[in-house]
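Working notes, structure below.
A, B, C, D and E label the chains in the order they appear, each numbered from 1.
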């Protein structure tokens, strides 16, 4: 553990900025706090607990062009040379267009595809442990945990990213990290953890990357009592959060309550926007679209959210989650049931942004409290839950 | 806006009574009002399904949310629900817009009108402390704000009302079945209606361009604005997410974001009374409300039209007048 | 007869050339497109920096198409249709008029100079007028030059 | 991250039975990744074919660098360029596209299990998921059948021979055709549902000796709506296949069966003993076919189907094709009824 | 996708300022283009052949021709590509002549722009889809609205050709304005002698049904299949029984204004407008009938030998179906009293309109053809007096912007000349007849000669100038005006002043136009589809125009046009099935949000609410009604309506293509 005096903070940032892009919380012209690339002289804000959005955009980009492609027509000359026609073979299947003669290159255009790799070295500075844990939780998904596919785009950026987290001294009323195995000084995903104490910050390296950061000359050794002071800050913050629900059994509870009519009640004020997922540090669903003008274009990955009715809409017009409550249910089930089942962890780090920035303040804690309790083993006979299911689907009076 | 009369409790009681009666008599399946949020600085939409729960409903100057947004197609659950809801003056105008176009079924509605004396600009108020604001109280002309450390600041109510409340012309609902409490005095003159718009208009083009770019740079395209908008009605089939035709791409950048907002603006043109729900829903505080106010200013000048005033009116873009006083060239 | 625009000579023929502006015209099939045809038949010279998209009726134009054109880099957009009352479909241009008027009034809010957008009516017989309208409009846009550093 | 070794436990004390990996995760994800081999009972019957794109646990074993893992896994987002070599019109709105990878080596090494799917896409328009329905033994091309419905499928329909496409395949899990050896196979399909089963039918017919009776019940609205007419002729002709082709309503000149698929299925009265029933078709047909099968006393583990959902990434990440915790793109599209019954009903 | 691009030289029309060959080669680089060719004259037979050959040999599936305006040759080339087996709607033209080569003298510039236009066309053609014209069964019955000479002529022509025709007339008799006229110019033959036999032909024709005293209430449907609600107004007389004996009219004690005689005489509350009326049936003007107004009388009921009077009669609604509609609703006389206050606003009895004078001249009119000063008529002890000085004033409600009628009414110059001649004829050559005119418009066959005759043979004094004021003075009408040729003030003491009232759109024309969904101009005249190309058609398919409802016309023109219209209708109905343009709007019902804005804005009522299998309602465009304007497309908030052939995406793609590449 080291100590970073307050007056060394800017120098430390400048030091980091020499070899990487430094991203730190800064206010915009409306006074809203965002993670933004830091430039010397810019004011960094550590006072406010959370930025409006989590910094996930710096690794899992909201808009990420990952393929670029271009076509080239073979042009007039080539087109003229091309022999088309020939007799249709009598053998079935009947082709709409006669296949080109044997051995001839049938294509009249050439396609070039290249993948876009853009992963600059970066330091995300001053994020909170819940934000860092968001990365950690997404890492499971994009890293191919459990034998799934490995995402080279996310991981390249993740590999080039160092997380310097800041212990939360004064949690907000919407914070609930301790309920989901987190902590105001949690270390999941964190490379270097700073804890604000009088006169500066204690710094704990948690990884090799973090260790390397401590090489900066402005660090002092921890003075007497400073480690204890930091521990006090951590402990007080931890104690300041009263876990709003008991996490144990929640996946089973959500499974048991899948058809519970309470889903309908709780979703009433949901307006089906995507704010919760876009401010969330670990929601990772995305969309892929192509953009092309004339002969060249790109394939773009953009954030998507499960509240978007079009998210699951099939071209036939059928939508498995057409009703809002089904989409609502999916988000919580994904975080506390589906994801845990696949990745042996949780998809929520308890930052509480979804509560605070929801236009109607939908409260995740309330949802989990209400629907996360498993039915006792002897209770909940099958008929009941089925009946509830029918009830819920017909949407009759509840 | 005149100083507060301070009869919030009385109106609150009245809302509860009306909701209770409607629920008891089975006239509505549920009642939508306002209720307390996660702390004492928040008032949020509240849904009450049974008469014994009506005491959860509150009325105070934090009740900003325009509840008519919950009447939008596919919002009611069950779909054919009979709904009771409370509307303020500006909310009622969106309701009138919806009724004009028969986008809501009047037969399944029970509307409690709430005379309103202005809503607190919570966004501005919450910025008076760096840490969390946990309580906002309004008494007479003072707003008291308390943060998580228990410190309190007193603010002048007049300065911390929402912009459109400060120049509100229709504080009483335009449409309702029952009015909760007595109508408030309607202001006789409302001169500074377009003050903030005119200030913006006076800026040079390049400056407006820059401000727009800046504002929309930070848009995260969460679609909260359009989902909170009561008169936005594509709902499941929003054109901004459609690929055919591709008006807005999925890429998130200032241009696309502004284009997205333009789509919304033109779709609600002549139907939006600038209730400000989009603006307040925006998690990144883009001043959307200015765009819609500007639009209404222009419509007023073009056609002497104010949205949501008259049930018999047709939405301006669904009709025309051969003698429209413009475009003669 | 009006002359071709000053910039029309001596510079590269490409639309992207120095000082060039890109102006898109959206014209109704029955009046203005035919009017532009007439101007061609009469060999009335017109500015080069102009590309026409044909639509059946101005009523078919959504203001968003025009914003889209600006977003894609147009420096000016000119919409032209039948005179009010002359619409081939009776009412299309009356609907269009309201929408386009609102657009015209909103554009300055987005940082557009008023000269960059115009909607007007040119009938099939008004070849001369067409030449005048298009020439003047493009001159106005040229004076402002290409749009740069724009929000939309 | 993978290299960390100094990670400390989070300060909250928690060892939850629900999160078996929790403890491991707290120690660092490298170790956590040892665990899941026994976890994740995703497939009871599915098979994964070549694994070329699919990562294995070994790819990210502890200590392996991400770069190494990437090399082993390839880029699952990168389509393989291919060229349309033939277009077969099937019905008024269905065309089959035969495509060849431009890289001959890829074409040569390509293999898939019957029932697996692929993402067929046009650069500039987008991708869509289709069953690979050429025979697994065909080395000349991959065939996809496309019904024109939305943007991508319309663009595909506009393709002509020689146009370029991108293919990501194979994906998902195929049918457990090896497990079925020695059993009777019953295909029940309707309309475009045939596309999902064609490869499997070809497979079973090519390995005819491995299976007992093969019955194919295939129905469409009208003779014009029947796909793969060239296959049908072959099936009808073959002595070792019981092919029952039906249309919904009588039309002049039709010499085969008339009636809805579920009704025809019941008339055929297949015996459930040692029989595997595989069904695919429009949702409403599947619903009634399942009822009929139940009536015929087929049990859940004898019934297989293949599902369709909106997909984007095709690799189990983007999130939209889930049914509860299972992703149709990687855990499916093939499911047995037993598996489906365990999942929340989000069809 | 295999697109072929063909670039025309048009001789040197294009090639002089556009490098056709060069841009054809460049077009080969565009996405999807597999064949390009430059052709000297693309529209020529060899040019078209080259396109067809390339389609066949190169398997082209879309074609772009860069040549002249699509207004010129789009149809030609659609046929060309169709001839080669391609769907004709997978074709697009780039207008590189009118919009490029002819307006840009600089070749590099012209070539550059032409290339851009081709790029746009290629971008559009990529978005196109094959379209197929729809066929609808055609109802062969025809509705003719208006039973004036235009309607009569059209009806007879159509009936002769074997079609069933229904003539709907709002008055109790057909005949229209022409029935009111005395003589017709320039031949001075008797109007009635020409018209009444035609009226009788109409009534007796087995293929014609006359529905007099009826109006159009509602029109639904589309070309080939209109459904029309017709309101038969209550005449209070059972026309099935009425034998037209006029007994009731003779015995009726209540006087009523006589519209047929333009108010210069009175008729009875129960009346038959004139003896040759067809059908000759009586009707009660209830506003003047004593029974209806005072509750007693019922004289007509008592005298009627056929027991036809029915005081309880109500309006009756009849629904009929037609394949085509001819609008022949004629015109009205300009109501000068409301506008020309300097002429006494109608308060000077000896100032009358031309049509009133016409009735006076008519031997079967109220004065039996005697020309009399109205101020002396109908008064006790006063012998009606013949005028000695008659002044005609032209351009009343014509060519006069101050009364909102800047147009020429077409007939006034001629009928004034006719009336001037007839005045001399009826009253005597010694009568002083003056005509104040602005210009004489005598453009028709024999017209100029006719006016010359009036001036020379009949010594009618033509004064060029405008009358500034009319006022009564000592039993005369003082006419004060300006002779602009002499530049002198003129004053005439007239016994009678006849104002040559112009023609104005018929009362209720705009309401009818709205019901029919056809356009009308600012004066209320119905608009033809194109003045030269489609002068008889309206913009609503299946609805045609005949006569003065389209613009002021004289009788020869009206009749000629009416026959032309009949020919047009016959041409339409000669087919058993109609092909409708497939370039129309279409709803993607999967995305429709049922807001019904499309229904609200459609000028043709093409969108309808369609009930789907699940019980929900979605918008649906009736293909045969849609005219393809696209207003609904621009209105639909979810963009689920698209215009085939002019798709929104194709508009955006053209813009994008030309701006971004």
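The definition used in the following text is that a contact is a pair of C-beta atoms (placed from the backbone, for glycine too) under 8 Å apart; a residue touches a chain by one contact, two chains touch by 3 or more.
Predicted, not measured: the structure shown is a model, and the values here were computed from it.
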Subunit E and subunit A - chains in contact with each: B, D
Most heavily contacting chain pair (counted by C-beta pairs in contact): A-D
Subunit B and subunit C: spacing of chain centres that average the CA atoms, whole Å: 37
Mean-CA-position distance for subunit D and subunit A (Å): 29
Whole-Å gap between the CA centroids of subunit B and subunit E: 50
Gap in Å, rounded to a whole number, between the CA centres of subunit C and subunit A: 45
Junction residues of subunit D - those touching two or more other chains: 126, 150-151, 160, 162-163
For subunit A, residues contacting two or more additional chains: 71, 97, 108-109, 287, 289, 291, 313, 316
Multi-chain contact sites of subunit C, meaning residues that touch two or more partners: 62, 68, 85, 91, 95, 99
Subunit A-touching residues of subunit E, taken from the complex the two chains share: 2, 24-25, 28-36, 57-59, 119, 123, 589-590, 656-657, 660-661
Interfacial residue positions of subunit B with respect to subunit E in the complex: 73, 101-103, 233-239, 242, 244-247, 267, 314, 317-319
Contact set on subunit A toward subunit E in their complex: 71-73, 75-76, 79-80, 82, 84-85, 97, 108-109, 293-295, 316-317
Sites on subunit A touched by subunit B in the complex: 28-32, 34, 47-49, 52-53, 62-63, 170, 172-174, 264-265, 267-269, 271-275, 277-279, 287, 289, 291, 300, 302-303, 305, 308-310, 313, 319, 322-325, 355, 357, 359-361, 363, 395-398
Touching residues (chain side subunit C, partner subunit E) in the complex: 4, 8-9, 13-15, 22, 24, 26, 33-34, 36-41, 43-46, 48, 51-57, 59-62, 65, 68-69, 72-74, 85-92, 95-96, 99
